[in-house]
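Next come two complexes, and both contain subunit A; in the first it sits with subunit B, in the second with subunit C.
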Partner chain A sequence: MRKQRGLSIISMLVFAFLIIPMIIIVVTSFGENPSIQFPIQGFTFDWYLNVFETNSLIQSFFLSIQISMIATILALLVGIPAAYALARYSVKGRDILKSFFLSPAMIPGVVIGYALFQFIVIQFQMPIFQGLLLGHFLISLPYIIRVVGSSLEQLDFSIEEVAWTLGCTRVRAFVKIVLPNIQAGIFASFMLAFINSFNNIPVSQFLSGPGVTALPTSLMNYIEYNYDPTVSALSVLLMVGTVILMYIIEKTLGLASIS
Partner chain B sequence: MTYVDLKDIRVSYDGKNNILKDLNLSIEKGELVSLLGPSGCGKTTTLRVIAGLIEPNDGDFVVDNKNLTRVPVHKRNFGMVFQSYALFPHLTVKENVGFGLKLRKEDKTTMNPKIQDILEVTGLAELGDRYPKQLSGGQRQRVALARALVIEPKLLLLDEPLSNLDAKLRVQMRIEIKRIQRKLGITSVFVTHDQEECFSISDRVAVMNNGIIEQFDTPEEIYNRPKTEFVARFIGFENFFNLTKQGEKTYTTSEGHMLKTSQSWDDTKLVATIRPDDINILPKGTEQDTNMIPGKVVVRTFLGKSYQYEVETNVGKILVNGPKETAYSSGEELLLQFPEEKLILV
Partner chain C sequence: MKNKAPFILLTPGLILLIVFMFLPLVTIIWPTFYDGKLTFGSYLSFFQDNYNLSVFWRTLRVSLIVTLICILLGVPTAYYIARTSKKWRGLMMAMSLFPLLTNSVIRSFAWINILGTNGVINDFLMKLGIITEPIKMLYTDSAIVVGSVYLFLPLMIITLVGVIENIDLEMVEAAETLGANRLTAFMKVVLPLSLPGIIVGSILVFSGTLSAYTTPQLLGGNQNMMLSTFLYQNAMTLGNWQSAGVIALIMIVTTIIVMKLFNMIAAKFDKRGGEHA
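Our next item is the complex of A and B:
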């Protein structure tokens, strides 16, 4: 019994350690003082209004949503067939390919950002938006391949073979039988890749340009010049958004499906 | 008349080792044929070649006088039941069973009665709206069977369909499969490693080893007269010893004991085999005759319905089953009599 009490104290401490910064951010977003302060003096919703009045933040918020959405969908279109091929067929050098596909997740983000900057922007002179999209596509792909791959590994492929014997072509069997049974994995990989892409700083930092700035980059720029609670307010809004999203996942698929 | 014909089928995955070596098999219409053998013998590969899931490197596969060797699996119209049942988890029993019909663009008015009929034949009429995870093992098995049968396939292929069921259900299901197969008159190929299951269900059995068919015969023939040493060992013959031919149906052991047999082959040297149940035990002192070899009990084990003895003889160790009524103890000498009709030459 004593041992268990000790354990629960430790987990309480860990939980507090994780939650306290967030509480502080929430609290500071309501302070009247124009610099971030804790504890706060006064109470106001002005900073929340300010978020919506700061053009650069709103613009980059929608840009980020757009980039992350398109990049993740592209990564799904490429990643699902890749994961399928890796799980289903004994492709030559399968292990090497697997590590290769996952390598963007192991290389420091700054390095990927710099390499992309070097090639996309300097060498190929690609427009900033497409460059940013490509960068986010690359960092999303490993999440898709890994998560979809692990649900494919649990799939009994004889259901696909049975579908063939019943008259399905390969493509049709994939769409009608394989896809519905890895749905949860696809959804989970989408969420993971989307959130990761949305939060990504290093790649976005290198691939920004006039009028094309991802939200985290804008946020950093904003903090450099104005150290006011607008940042806290925006963070709170993002947290609320994430919580709502998680609630929807929990209600539709169950959180267990993405962990 | 031959309905299914496999001609000189060769399968190799790496170009060096052959999984199937020039395999030939002819199946009559309406027959249930089993492929029996230990794991790795090529029985499942043979079934997958028939299904079209594996394309053979060489050879031809003919059904009903049509060469299907290069016809893709989805155009063959064969029903297949897998060991894992392979039910579609996201579809109900009805949807699982109707899947093949839907692909054939049948409309609801012809489709629904067909589904209903097959669900009744397989005893699933009440379970149409359940999902696979709500079914027991035996019920899943029936759904898999119904799904394969409803498309009116030219062939029914069963890949160890009973191995995931418990012993009692297995016996029940194999009778069920046989009944449905007879009723629909559908030509079937059944893969198994269980000889009892295979003998009880099949019209003919192909015993496979190392990518070839060692013997293709009725269950009775295989049980009573195996043709090769492998087949004999696989179906429970335990005693093997060398013989030399002396004349028509007369052989001697290496120690000169005379044995008469009911079979006769041209080879001068061959191997004789006999089941432990088929040897008679006679007490020491019985007058020595042909087909008798003296021996000494080494080990006695109790099997429930009989005693089993390991008997040391001059042709090697022989396993014999003797009646419960008389127990010989180890060290005791006795005479073993090999009835000529039970002695098999391989």
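Our next item is the complex of A and C:
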């Protein structure tokens, strides 16, 4: 292949643009100065300690893990059967049904967040936790429908029919034959939905209350009142988490499966 | 039995979507059309107010500029990644995926550090003596554009790599053998064939920028509102639920119109390609 200099220069600049801001965050997290500066003076791990001593951040971290985990599992429980029905049976109005299941991804997050806030918190006076959970369930569902749906479309359903003929019940055939064949898709959709839910801001921003604040919202509130390297330190910790998740995905499915 | 199965499988999802998405949406949007009688007054007065209009146009302008920049930077980069050897391609894909999987608050925060009054750029320029006063870069429309490009460029790149990888490189080589220079081969062969990817990427970038909350909030500030931050302000700070509902529907409708427009552009280009063939 011939070298294309113009192309390489643009690409290198793009990669520099993507990576340098992250590097600056990593570097500033070690600075001794209480306001963020670059290049840094001195070297300290104090801001990392400060992350673990800031209760609001730690509390939201565990809340976010909990919300994203429950919401994604709920989305799997509801989404896999729906994706199966849409792929397996010629249901009337299948395209419309599918768009309806994918619609939470088309509606702007702030609109979903605000609508749930009005409906659940204001009208029905339900706890914010439930609202937050439902919001995250809604934004996770399209990932499940899309990714699991495309693995189901590639599945040859005659193997399921063979199982029926051999005396398997429908449920048993689904569990023993269909599920194992789409497990890569299920895992990929779980990862995508979980990461997306964990990072979501617009929905969580409307559904936050005393003791119930998702991590990105907490982080945002923190930035608005204190501009110190604690945010950099927490960002670095979250980036390390992202790298670990990417490594797990690469080793199990290959990164191509989620891109 | 056979007819009941899909019904049973679809019902839980449908009920949850209707009760917790459709009904809540109706709850916030219905009052904007009905106050004793059916009326479009809320929408007419929204578009008669200069401030509202400025927010609306800023949202469209920023989204369009961000989409164009992402196309200009994304197409060459994706082409470069797609033509690189396997070993490097994996690393480059990981470098594009990493920002995408990182929280948008962190990614906007990175640009506060760079664009702020005491940020990296101002600091650097002042040390060099090029400027004496810090330049105001944060809390401007340009800051939102830079932050949004940073947010969505990886999405454009990844979408395009998938499409460009499937283009038969022999066609590019054939064009070059037949006398086209590299730029011509790129413009006449690669670009038209990657158009479906560009369209999908553009829809993702445009609707993403249009509805992003973090970037305009952190990099635009209160002076440079976009529809999403404006909705939040009306709903949560001002308690003006009527306006919030109006903005919500405007955001939904704008997203749908933009998608249709992009698909129309794609269809038009497809036809032209057909005439040539």
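As a working rule, the second predicted complex is superposed on the first by the 256 of 259 C-alpha atoms of A that agree within 3 Å, B and C clash if a C-alpha of one lies under 4 Å from a C-alpha of the other, contacts with A are read in each partner's own complex, and residues count from 1 in each chain.
By definition in this document, contacts are C-beta pairs under 8 Å (C-beta built on N, C-alpha and C of every residue); 3 or more make two chains touch, one makes a residue touch a chain.
Worth saying up front: this structure is predicted, and the values here are computed from it rather than measured.
Superposition note: with subunit A as the common reference, subunit B and subunit C can be accommodated side by side. Draw one line from the C-alpha centre of subunit A to that of subunit B and another to that of subunit C; the angle between them is 90°, to the nearest 10. Of the two partner chains placed by superposition, A:171 touches none, neither subunit B nor subunit C.
After overlaying the two complexes on the shared chain, residue contacts for A:181 are found with subunit B alone; subunit C is out of touch. Contacts of A:18 after superposition: subunit C is touched, whereas subunit B is not reached. In the superposition on chain A, contact is made by A:115 with subunit C only, not with subunit B.
With both structures placed on the common chain, the touch criterion links A:161 to subunit B but leaves subunit C unconnected. Touch criterion met: A:239 reaches subunit C, while subunit B stays clear of it.
For subunit A, the partner with contacts to more residues, out of subunit B and subunit C, is C. For the pair subunit B and subunit C, the model built by superposing on chain A gives 9 Å as the shortest CA-CA distance. Across the complex, subunit C meets subunit A through its residues 5-6, 9-10, 12-14, 16-17, 20-21, 23-25, 27-28, 73, 76-77, 79-81, 83, 90, 92-99, 101-107, 109-114, 118, 120, 123, 150, 153-154, 157-158, 161-162, 182, 207, 210-214, 217-218, 228, 231-232, 235-236, 241, 244, 248, 251-252, 255-256, 259. Within the complex formed with subunit C, the residues of subunit A that make contact are 1-2, 4, 6-8, 10-11, 14-15, 17-19, 21-22, 24-25, 28, 35-38, 78-79, 81-82, 84-86, 88-89, 91, 97, 100-101, 103-104, 106-112, 114-120, 123, 134, 137-138, 141, 170, 195, 198-199, 201-202, 205-206, 216, 219-220, 223, 227, 231-232, 235, 238-239, 242-243, 245-246, 250, 255-256, 258-259.
By the touch criterion given at the top, residues 156, 158-159, 161-169, 172, 177, 180-181 of subunit A touch subunit B in their complex. Against subunit A, in their complex, subunit B makes its touches with residues 51-53, 73-80, 82-84, 86-90, 99-100, 103-104, 147-148, 151, 157.
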